[in-house]
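Each of the next two complexes has chain A plus one other chain: chain B in the first, chain C in the second.
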Partner chain A sequence: MARKLLAVTACATGVAHTYMAEKALIKAAKKMGVLIKVETQGATGIGHKLTAKDVQIGEAVIFATDTKVRDAERFENKKVMQINVSDPIKDAEKVINDALALADKK
Partner chain B sequence: MTWKKFGKQLETHIMTGISYMIPVVISGAVLMAISRVGASFFGISDIWDPKWAKSANMIIRFLNVDDGWGGIALGLMFPIISAYIAYSIADKGGIAPGIIGGLLVANMNAGFLGALASGLIAGYTVKFLIDHIHLPEAAKSVLPVFIVPVVGAFVTLFLIQYVIGIPFASLNTGLAAWLKGMTGTNRILLAAIVGGMVGFDLGGPVNKAAVTTAMALLTSGVYDPNKAAQVAIIIPPLGLGLATVLGKRKFNNELKEAGNASLVMGLIGVSEGAIPFAVESPLKVIPANVIGSAVGSAIALGLGAVNRAPISGFYGWFAVEKWWVYIFAILVGTLIVTGLTLLFRKDIKEEQPEETEEKSDDNDSEYFSEDQWEN
Partner chain C sequence: MALTKIIQPKLVKFNLIASDRDAVIDQLADLYLKNGVITDKERYIEAVNERETEGTTGIGGGIAIPHGKSEVVKSSAVAIAKLAKPVEWQALDDKPVEYVFLLAIPDDGDNEHLQLLSELAGTLMDDDVREKLELADSKEDLEKIFMK
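Right after this comes the complex of A and B.
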């Protein structure tokens, strides 16, 4: 069964990095055979909003954010990895590996 | 909680505040720039002066009004950043004390640092109240509707008025006066340093420190660092992108692809477009970026372009005073990065075989079905 991750991306301006990080994560996940759902909290609102069901399914959550995550209470009790929005843009595979490792940690 | 973690949280709070403040600053700065650039066609350099409100020319009267609109928007900067720093710390409850405190900061002229302090005070005060006051179930609603707004605002206002307001105001005036008073070589040196910092790590900590400080100073009416930073942001991605177009033999296919993306990102003001190059050969790319950005910034400032908006993309260029100088500075900086890059790099020995990458990128977000996700 494929591994499943969640991510939220957000940057200060909300027009470029938010979406670059989203693309980088999806591209790397696809390559690695990991399923990932990425929610973008950009200047024009929330894209691909993660539902309660999504949150239940995902093994861990990546917060690739420079700003406050909106509706963060959805992810209470989930394993959350907080990183900068630029991290996935630089090396998304490492980010995903780190998140998988976090999910495996007891 | 460790200091490092606390620092990261503090950064998140401040970035959240800045993130909500940016649209306000952009609307204000561009409205004001339209009025000032428009006024320059009539040879007017003080369009904000009330005397123009009585001008016989309707356009001039409008430009005067438009300048006022810009002023109103910019006046909201401190309340908004303070409110949203507090919101980042304490959620909705932080907004009221934060916005009120921010307005007092604006009235006392306590500057950007005052606004940061106001947001932090309001946020942590409200968070403390929410975490530590436990009321019986029946009276629970008294906390968010009465205690948090009243006590939060009182504590914030009291501390600003009697403790931090005056020292921050003099700090702010002093710093602004020092920067505004810079002339000649010092001023150009400042621009070159800001530009070099921005070009150094492309969105990393050094870049962010320079850009954030520049934006902060913008709010005190000091435009030099902002102008230098905005010019420098787009030079590395443009320069490296151009290098891949001019020196096709010096880059592999992957970097050529990155070069096209880099050009587009440069035009919309995202320096991270240059990251693939900096990752591939940092020792060649970083010096070229630093030199190009520093020179570009110094030229823009030395020749007197004025960018009041925190926008570096091409859509902000028209709002720059002396935009032709500004574009010239960008061009020179870009060519320096391109030239140095081409000089530093050697031709690749053998042409790499064309990669056969699958063309499914458009549908990336849908690469698995809902069924796969749920099972």
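Right after this comes the complex of A and C.
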């Protein structure tokens, strides 16, 4: 069965990096056969909001954020990997591998 | 693609001659001032530099997407330049930058235009778009990449 990850992306201005990180994560996940849902917290609002059901299904959550994550309490009890918003832009496959490793950690 | 709405031919430069990052931003800010996108060049550049100190906007693949959010910006815009000679940008992949997308973001920009800028930023992660950038041989080629 395909692995399932969640991610939240956000940057200071909320216009550029948030959405580049989103695209980079989706592109890499597709290539690696991993399912991912990415919530963007940008200047124009929240995109693809992660629901309670999403949170339940996701094995780990990637916070690719340079700002405070909105509604972070949704992810209590989840395995969360905090990185910079530029990390997925630089190497999204590594980010996904790291998140999978975190999910596998007992 | 709705991106056509934000790509303005008068804000696109092919083979821009600039010796370093500051010179690139200075020249594109001049273009903004001349076209009424910004009302104060100095303050706009200040905002761009401030963003740059928070982390590089050189996203790899020879692309940089600097941006300045300021009250001196009158309307959301993107200025696009292919540089005659790549310049250093402390990019994520340490490669020099050849393609610059300078964003102008108003303090109270309307959502539609901000979303278009975000969409544009997202397309820069596409291999397809990156390939077309490298193949672009003229100002028209550059414009066409985003006006499909």
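Just so we're on the same page, the second predicted complex is superposed on the first by the 106 of 106 C-alpha atoms of A that agree within 3 Å, B and C clash if a C-alpha of one lies under 4 Å from a C-alpha of the other, contacts with A are read in each partner's own complex, and residues count from 1 in each chain.
As a working rule, contacts are C-beta pairs under 8 Å (C-beta built on N, C-alpha and C of every residue); 3 or more make two chains touch, one makes a residue touch a chain.
What you see is a predicted model; the values in this text were computed from it and never measured.
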item	value
Superposed partners chain B and chain C on chain A - clash or fit	clash
Contacts of A:Leu35 with chain B and chain C, given as first, second, both or neither	first
First, second, both or neither for A:Tyr19, with chain B first and chain C second	second
Which of chain B and chain C A:Gly45 touches, first, second, both or neither	second
Partner, of chain C and chain B, that touches more residues belonging to chain A	B
Touched partner set for A:Lys27, first chain B, second chain C, both or neither	both
Which superposed partner A:Ile89 touches (first chain B, second chain C, both, neither)	both
On chain A, the residue positions that both chain B and chain C contact, one per complex	12-13, 15-17, 20, 22-23, 27, 43, 66, 86, 89-90
Touching residues (chain side chain C, partner chain A) in the complex	51, 54-57, 59-60, 65, 67, 69, 92-93, 103, 105, 109, 111, 114-115, 117-119, 121-126
Residues on chain A engaged by chain B in the complex (per definition of touch)	1-2, 4, 11-17, 20, 22-23, 26-27, 30, 35, 37-38, 43, 48, 53-54, 57, 65-68, 82, 86, 89-90
Touch list for chain B against partner chain A, complex	8, 11-13, 15-16, 18-19, 22-23, 87-88, 203-204, 265, 268-270, 272, 275, 279, 361, 364-365, 367-368, 372-375
Interface residues, chain A side, partner chain C - complex	12-13, 15-20, 22-24, 27, 42-45, 66, 84, 86, 89-90
